[in-house]
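As structure tokens, here come the structures.
Each of the next two complexes has subunit A plus one other chain: subunit B in the first, subunit C in the second.
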Partner chain A sequence: MAEILSLREAVASLVRPGDTVAMEGFTHLIPFAAAHEVIRQGVTDLTLVRMTPDVIYDQLIGMGAARKLVFSWGGNPGVGSLHRFRDAVENGWPRPLELDEHSHAGMANRYVAGASRLPFAVLRGYRGSDLATRSPTISTVRCPFTGEELAAVAAVNPDVTVIHAQRADRDGNVQLWGLVGIQKEAALAAERVLVTVEEIVDALDPRPGAVVLPSWSVHAVAVAPNGAHPSYTAGYTVRDNDFYQAWDPISRDRDTFLAWMRAHVLEAA
Partner chain B sequence: MTKVLAIEDVVGGLESGMTVGIGGWGSRRKPMALVRAICRSSLRDLTVISFGGPDVGLLCAFGKVRRVIAPFVTLDSIPLEPWFRIARQRGLIEFTEYDEGMFMFGLLAAAHRLPFLPTRAGLGSDVMTINPDLRTVRSPYSDGEELVAVPALTMDVALLHLNRADQRGNAQYLGPDPYLDDLYAKAATRCYVSCERLVTEFKEGPVQSLLISRSMVTGVVETPGGAHFTSCEPDYGRDEAFQRAYLEATTSADSWRNFAQRYLSGDEGDYQRAVAG
Partner chain C sequence: MSWTPDELMTVNAARALAGARTCFVGIGLPSAAANLARRTVRPGLVLIYESGTLGSKPSRLPLSIGDGELADTADAVVSVPEIFNYWLQAGRIDVGFLGAAQVDRYANINTTVIDRGPGRPEGRLPGAGGAPEIAAGCGKVLMVVRHSRRNLVERLDFVTTVGHGSGPGDRARLGLPGAGPVAVITDLGVLRPDPETAELVLTELHPGVSAEQAAEATGWKLRTAPDVGETEPPTAEELAALRELSDRGA
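Here is the complex of A and B:
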């Protein structure tokens, strides 16, 4: 059953050094506030998992929180490269970053297998690509009926999945809607689940196409208004497109980046 | 572009020997008007994939079936579908039995155009023994776990019944359960939807009740009462009295002849008039 905690308590109790952590949310509902709290608490040696690592992981990587990245795309959406991610891969700054790169379909299938508690998932993917030769989590199985060789990706079961949602009720049932990515699967695949929400309400009213994560699948809920900024929360906040543009010059230079993080994350609680 | 067809157009486009998937669940929201039309046709040797109810039973009664692939064949309030039982006891049909979980993965594999999907469902049960064609796959990772490989339930045609549809083939369920109709639509080469009512706009039900996308649909038929005697909530419930009469009719050759003469000797309009009495 989910406990309703402050963000500081929730991160302190659920995110541990060395954990495999998935922070999910596709363009929408990206859990920035929780990531910033992870940085403030100095949790390190993380294996970060995410289908689309963008500014949120650029910040974690630049602050040295990650030793490995499991992903299927990386970039500042609509802007360009992630300079901290790039610096870590090219120059090992502030520390080397191990990579496990997948296709989107492969990562989605890995979460589904993890949520299903199966060891692997089967898809017709990775054909004609070198990814399979570079990843220990891409293998093959042969169809016992047709003989066709298919990709078999290893399940991903994070120690912690962190997501942002619109609402929770007082019992810790979580509701999210709008552009919903792989959050349900990432949450059900994880050992522990931390959800930040815009607000806690007395009762969740039905919404078309909403995902409800029942309280028993969630470990901690923390209120974090505007907690997806600079991404957005449908019905609550809009995407801060200017910030994504501004991130490019901030992140190009190590010192500018560190000064920005100090002013806007480390010293802002 | 309209995809509206008549019942006989749909059935006229089918061929003997085809694999036909039928949506709904047990004695619930079955495309019975289309099933009755198949019973009237010269089709035979069909392989029927279904969470089986009286759809499977009637097709067996009219000698249309070579093989049934199903996790169950039931009338819900009457546990055993009587014509399926007779066909099995007389050895008239072949039967591939899966459990419901395996069956769902078979539909999912076909919907994803994969030849199989792995699952734990079925392990440790006799379903593996009575289906010698089933296989297992081993995880290529260090766990080395052995899982059931469910072959794709690929079908030539899917037949579905929904509450509402538009002429382009979008379709909506208004009852408590979508069943697995969307997977049937995706698993089939061609999908035909019968509906209680053709509409120009979907004004009832929440957004997620728009279950079937026109991109999956070949043709649409308006068949009011077309799920009878199975349920089609909220338009109507199961006709339990008629279902009992159907059961009783299967107890002798004479009683079945009378039942078939009264209800199943004419077209769909004749059927609906006979039911209305």
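Here is the complex of A and C:
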């Protein structure tokens, strides 16, 4: 059963140095508040998994929390480069960053295999692409029924998956809706699951298209209002596109970045 | 009436969607073109975004593929595994619309790394995203790229996404089901694969652009089709629709 904890307690009890951590949310419902708490607690040596690293992993990478990144598209959506990610990959600052790089279809299927507790997934993917030459988690398999050669991608099973949702009830049942992305698969692929929510309510009235994660599939729920900012929570907040644009100059320079993180993350609580 | 090279490119990219039923839309230039097509040549065009929306009808240009309006205005919102497996991989989508950092003469794409020469670290690009499987699985592929030697290159530093591989027959050999790239729309004109060689050749020029200009801005020796045409200038309606979309987006 999910325990309802403060964000500080939830991160302290579930996220450990050296863990493989997936913080998912495909543009929508990105768990920024939880990532900031991970940075404040100084958890390090993480293998970060996420389809679209986005500003959230730019911040974690720039603060030196990660030793490896598993991903499929690393940009600032609609704006440009992730400068901290590029600086880490190109110049090893603040530390070298190992990469395991996929396509979106490949990453999505890696989570599906992980959630299904299968060793790998198959897809028609990567054909002719150089991606397979750089990744130990992309291979091929022959279909035993038709003989077709298909791409095989290794399951991803994070130690911890962190997601943000609209709400939970007092028993820790979680409900999310809108663009639900890859969150269900990422949560069910993980050993431990931490969900931040906008609010805790008495009853989860049904919502069209909602995903419900029952309390017994989640380990901790923490209330974090506006916890997806600058991403958003449908029904509660809107995407702060101005922030995504402002992030470009903030993150371009190492010192400006560090000063921003100090003022807005390390010294905020 | 005047227009910018980018407007010329986007208007022509939108026109390329006339007759399409469904379009898997990349963010940036492709999204601008696909949304313009819905306001001009193809009002019923079904826009599909990799964030999981089928049939988005945004009133302004989204900044990201996950803007709330894409979901709020969609016919259906599905999960990311579903969009890639059930809709794209299953061959249900007519047109894939992609941008690119580097494109070669066979319309292969690099969005992964740039080789900066010996002793220097590779330059990092965003990565593959949905492109390898969009280019493989859609019925056909349109690309929109600014015309320069930096973008249209003799040799890719890395093949992220296969267009026509190393020439005719390569797509079939690789087991890529769709027809692959059929047009690359730039701010100077339109390139299309030669039916015999699969090499991109200049088939149309925008008004006021010369074939020499296009060749000069291309990293390989660009061939010009014998019957090279000129694109129609943007109409007042097209420009008004595009500017309204962009104003609302900004």
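Keep this in mind: the second predicted complex is superposed on the first by the 269 of 269 C-alpha atoms of A that agree within 3 Å, B and C clash if a C-alpha of one lies under 4 Å from a C-alpha of the other, contacts with A are read in each partner's own complex, and residues count from 1 in each chain.
Simple rule for what comes next: a contact is a pair of C-beta atoms (placed from the backbone, for glycine too) under 8 Å apart; a residue touches a chain by one contact, two chains touch by 3 or more.
These figures come from a predicted structure and were not determined experimentally.
**Q** What is the contact status of A:V141 with respect to subunit B (first) and subunit C (second): first, second, both, or neither?
**A** Only subunit B; A:V141 stays clear of subunit C.
**Q** For A:G209, select first, second, both or neither according to whether it touches subunit B, subunit C, the two together, or no partner.
**A** Both partners, subunit B and subunit C.
**Q** Contact-wise, after the overlay, does A:G181 reach subunit B, subunit C, both or neither (first, second, both, neither)?
**A** A:G181 contacts subunit C only, not subunit B.
**Q** Touching A:L123 in the superposition: subunit B (first), subunit C (second), both, neither?
**A** both
**Q** Check the residue A:Y232 against both partner chains and state whether it touches subunit B (first), subunit C (second), both, or neither.
**A** Second partner only.
**Q** Going by the contact rule set out at the top, does A:A65 touch subunit B (first), subunit C (second), both, or neither?
**A** neither
**Q** Of the two partners subunit B and subunit C, indicate the one touching more residues belonging to subunit A.
**A** Counted on subunit A, the partner with more touching residues turns out to be C.
**Q** Which partner chains sit in contact with A:A152 here, subunit B, subunit C, both or neither? Use first/second/both/neither.
**A** It touches subunit B, and subunit C stays clear.
**Q** A:A22 in the overlay: touching subunit B, subunit C, both, or neither? Say first, second, both or neither.
**A** Neither partner.
**Q** Determine where on subunit A the residues touched by subunit B overlap those touched by subunit C, and list them.
**A** On subunit A, the residues that contact subunit B in one structure and subunit C in the other are 123-124, 148, 209.
**Q** In the complex formed with subunit A, which residues of subunit C make contact?
**A** Those in contact with subunit A are residues 27-28, 50-53, 62-68, 70-72, 77, 79-81, 84-85, 88-89, 112, 121-124, 126-133, 136-137, 158-162, 165, 170, 174-177.
**Q** Show which residues of subunit A lie in contact with subunit C when the two form their complex.
**A** 26-28, 51-52, 71-75, 77-79, 81-82, 85-86, 89-91, 101-105, 108-109, 111-112, 123-131, 148-149, 178-182, 184-185, 209, 231-232, 234, 238-239, 241, 244
**Q** Which of the residues in subunit A come into contact with subunit B in the complex?
**A** Those in contact with subunit B are residues 118-120, 122-124, 139-146, 148, 150, 152, 154, 206, 208-209.
**Q** Give the list of subunit B residues in touch with subunit A in this complex.
**A** 112-120, 135-141, 143, 145, 147, 149, 151, 206-208
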